[in-house]
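Only one structure is covered here, and it is reproduced in the block below.
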Amino acid sequence: MVLDIKENKSKSTIYVPDIATIKKVEKLSPIEKLFTIVFDDPKKQEEFSFRPGQFVELTVFGLGEAPFSIPSSPNNKKCFQLCVRDIGNVSGALHRMDAGSKIGIRGPFGKGYFPYDKMRNQNILIVAGGLGLAPVMSLIDYILEDRKNYKELNLVYGALDPESIIFKDRVKEFEKRKDIDIHLTVDNTDASWKGNVGVVTKLIPAIECVPEETFAVVCGPPVMYKFVVKELEKKNLRPENIYLSLERRMECGVGKCNHCHIGDKLACVDGPVFSLWEIRNLKEAI
Amino acid sequence: MSKPKVGIFGFTGCGGCQLEILNLENYILDLVGAIDIVHFTEAITEHSDNYDIALVEGAITTKHGVERIEKIGNIAKIIVAIGSCACNGGLNCLKDLYGLEKAKELVYGDKKDWIGSIEVKPVDAYVKVDYYARGCPANRFEIVDIIKALIVGKKPEIPNYPVCVECKRNGNTCVYELGMTCMGPVIRAGCNSRCPNSGAGCDGCRGPIDDPNINAEKDLLAEYGLTVEDIMQQFSLYNAYRGKGIKQKIM
Amino acid sequence: MLYKILKKENYTDFVEKLISEYEFIGPKKKDKVFHDFVPIKDLRELDTDYKKTTIAPAKKLLFPPTEELVEYEVGDVIKVKPLVESSEKILFGIDACDINGMNFMDWIFSTEFIDENYFAKRRKLIVIGKDREPSETCFALSMGAEYAKDGFDIFLTELEDRYFLRIATSKGNEITEKFARIQDATDSDFRDYDKFMDDYRSKFKLKINIDNFYDDFEFIYSNEKYWEEASKNCYSCGSCNLVCPTCFCFNVKDDMQLNLKVGNKMREWDSCMIPEYGLVAGGHNFRPTKENRLKQRYRCKLKTFVDKYGKYACVGCGRCIEACLAKINIVEDVNSVKKEVSA
């Protein structure tokens, strides 16, 4: 059979990871760590560019592979970061790894990213829950580094309890900064907590926004989306301007294995970021 | 990384699962390279009470057995039940279908009181079992996979889908098509569809998947001419233990 | 396309030459029920008039049930090596709807990213198709897959005393010129072929009412009672997916040898009917019930790829109907959706 598909000359396949080294491990919460990663091949590191919202497939050799969104800024070309919750086989193994350990990386993947280009000269409202802050951190940093091209920037972030807040230093920094308004809440308090208590949806109504000039970004645990979307719709935001980063089982990352199906879409190639309009009629999406 | 110390213990059963480990042939050298076997009932005479992982074969059927398994439970950090008997009582549980006293009488006659036989229970009735290598006998490659997973530090992947999946991957003709019956649609895979590969129906030695469609299986077996009694027998062969599992669900 | 004629008296000689020259895969009787596509060494083993075949023939040759993708050595330096295997083979006696199934797989494995593990094998597969009588559960005609326009090198249609050959590639042309005594097709050959095709199409008795399903699916989507009834007997065993010539879902797994030095990344056929399919790390399952899963399967087969590929991801071969012990029948289910809508 003669096919137009050209023979692969690069001697690599879409399943072969590039070797990278963990340069730094920081503890963010009792169950989350931040890994700073650099490709062993300097050329690969140089070429590695991604958009906010994209993800990579990380291989722990001999153990398995799992998808992680990239929380670091796309402008940082020297390294990239992954925020990992100790929850499964691969993430558990990562948590046992120290700086210097070797891992495999494939990606970045996903055509669906946070549309930082369309968002220019618009207000931005970011709603994140728990570990959902990680994927949007990349967008926040991108905007902060190009701040003059964006209008109001609001971040609503909810965590389980004060201890579970990730990127605590960054959150403190945001609280001090004038160019980002952060609205923080926790579900369960402790004695030290002086801030808001309850779910993120409670904080959304108080945020003022001009519906036709506002983009919203949502990322959090599966249960969160439906409720947040309801609140955003109450503010008359256009469904085309509401972006959701959806988690599914992205195994191959390249649209082959089909595990990340959301109705007619694949989270790995069509997403993982979708506009609410795109998934409006996909009943199992949120 | 230091090699984990492993003890392999036998309780009531045929010893076949321990033999499966010895039958690993090409793997056995790598296996003893990767772990330190400090106790192996069927294979070595030395004995040590210093182990991290206990592989336990056989069901608990005697008072002495209860003492032994509780001691293992106190020492081992991880317990892996291997084989049907250890995982859910296996064939041994058929004894209890007669009632304990009646069974003792049938087997030992007037000497029945000499024997400390108790109601058959699987290992997890007495100690916490971390992982199950099911089957009669256990699949030796699955035992290796569990050990490997424990060494590299991941949760062993034990299938929670029916035997049909492996049967189809292996390109078998469905035994129902050949006019026989099979428990495969409700029984947990992981055996590489051992019985259907050789043209026999699955007897259910690995026990049911987490959410078996028992009603559909009963209808299917009835359609192939089995009576309610036949069906009960079919289900009971490896799954007669009343504490949990399929038997309970169909009664 | 070239159109040639192979006289029946020359057929045996042609096939025998192919068997001796190539690694030759063809249908062979497996047991009293099924045929399987296996290596053929002797013409007598070959039986192209099969009624039933459980195993998707093209799929397993190009996308084996388990396949190693990457091998690596772990040490101070990690060495990673892609594993891509391929060798020239002839696949003989595959029917039109299975060729269409393979065309779908070609699309899946080439769209967005090219899957070299699949295409290395596909490039070297010489496909010689042949018509066969549709089985009882085959509804390929309603799916528009009873005829293959491409995806093969040579396609044989058996007329009374001769074979009508459609030669789709230069490779197919080389092979026929080298190994077969052929002649050009004449007007009367075309006339007979045309008549044969009309007859052949009339043999597809099973019809699926698919025309409006794309929209009707949304109508039935939230009808819980319908899906509960349709999936009541489902074992979640995945047989329907695993025998399907267009199902392509797979798991990717990493494994390490006991020496802890050499490991690999491999894939194995998966099924969307298995509960674990929609499970993510952290324990959330996006499709926890068998109703969800059956719905997803029908959506994937009959809707998703109409948008993406322009065709259905179902060629109507009927294997899933044969394989399902719970008697879940895609034809009956789709036809009953139609009834629900018009009721």
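First chain written, first letter: the chains are A, B and C, and each begins at residue 1.
As a working rule, contacts are C-beta pairs under 8 Å (C-beta built on N, C-alpha and C of every residue); 3 or more make two chains touch, one makes a residue touch a chain.
As the structure is a prediction and not an experimental result, all values here were calculated from the model.
The busiest chain interface, judged by C-beta pairs in contact, is A-C. Located most centrally within the structure is C, per distance between chain CA means and the overall CA mean. With each centre defined as the average position of its C-alpha atoms, the distance from chain B to chain C rounds to 37 Å. Distance between chain centres (mean CA atoms), chain A to chain B: 43 Å. Annotation for chain B: residues touching 2 or more other chains are 152.
Shown for chain A are the residues in touch with two or more other chains, namely 62-64, 89. Among all residues of chain C, those that touch two or more other chains are 253, 255-256, 260. Across the interface of their complex, chain B is touched by residues 62-64, 89, 92-93, 96 of chain A. Contacts from chain C toward chain B in the complex involve residues 30-34, 36, 54-55, 60, 65-66, 232-239, 242-243, 253, 255-260, 268-269, 271, 274-276, 290, 323, 325-326.
Chain C meets chain A in the complex at residues 69-70, 72, 74, 78, 80, 82, 84, 106, 108-117, 119-120, 122-123, 125-127, 151-153, 169-171, 218, 221-222, 248-256, 260, 263, 265, 267, 270, 272, 277-282, 284, 286-287, 292, 296, 299-300, 303-304, 307-308. Contact residues on chain A toward chain C in their complex (touch as defined above): 1-3, 5, 7-8, 11-17, 19, 59-66, 85, 87-91, 102, 104, 221-222, 247-249, 251-252, 254-259, 261, 263-264, 269, 281, 283-284. Interface of chain B with chain A (complex): residues 152-155.
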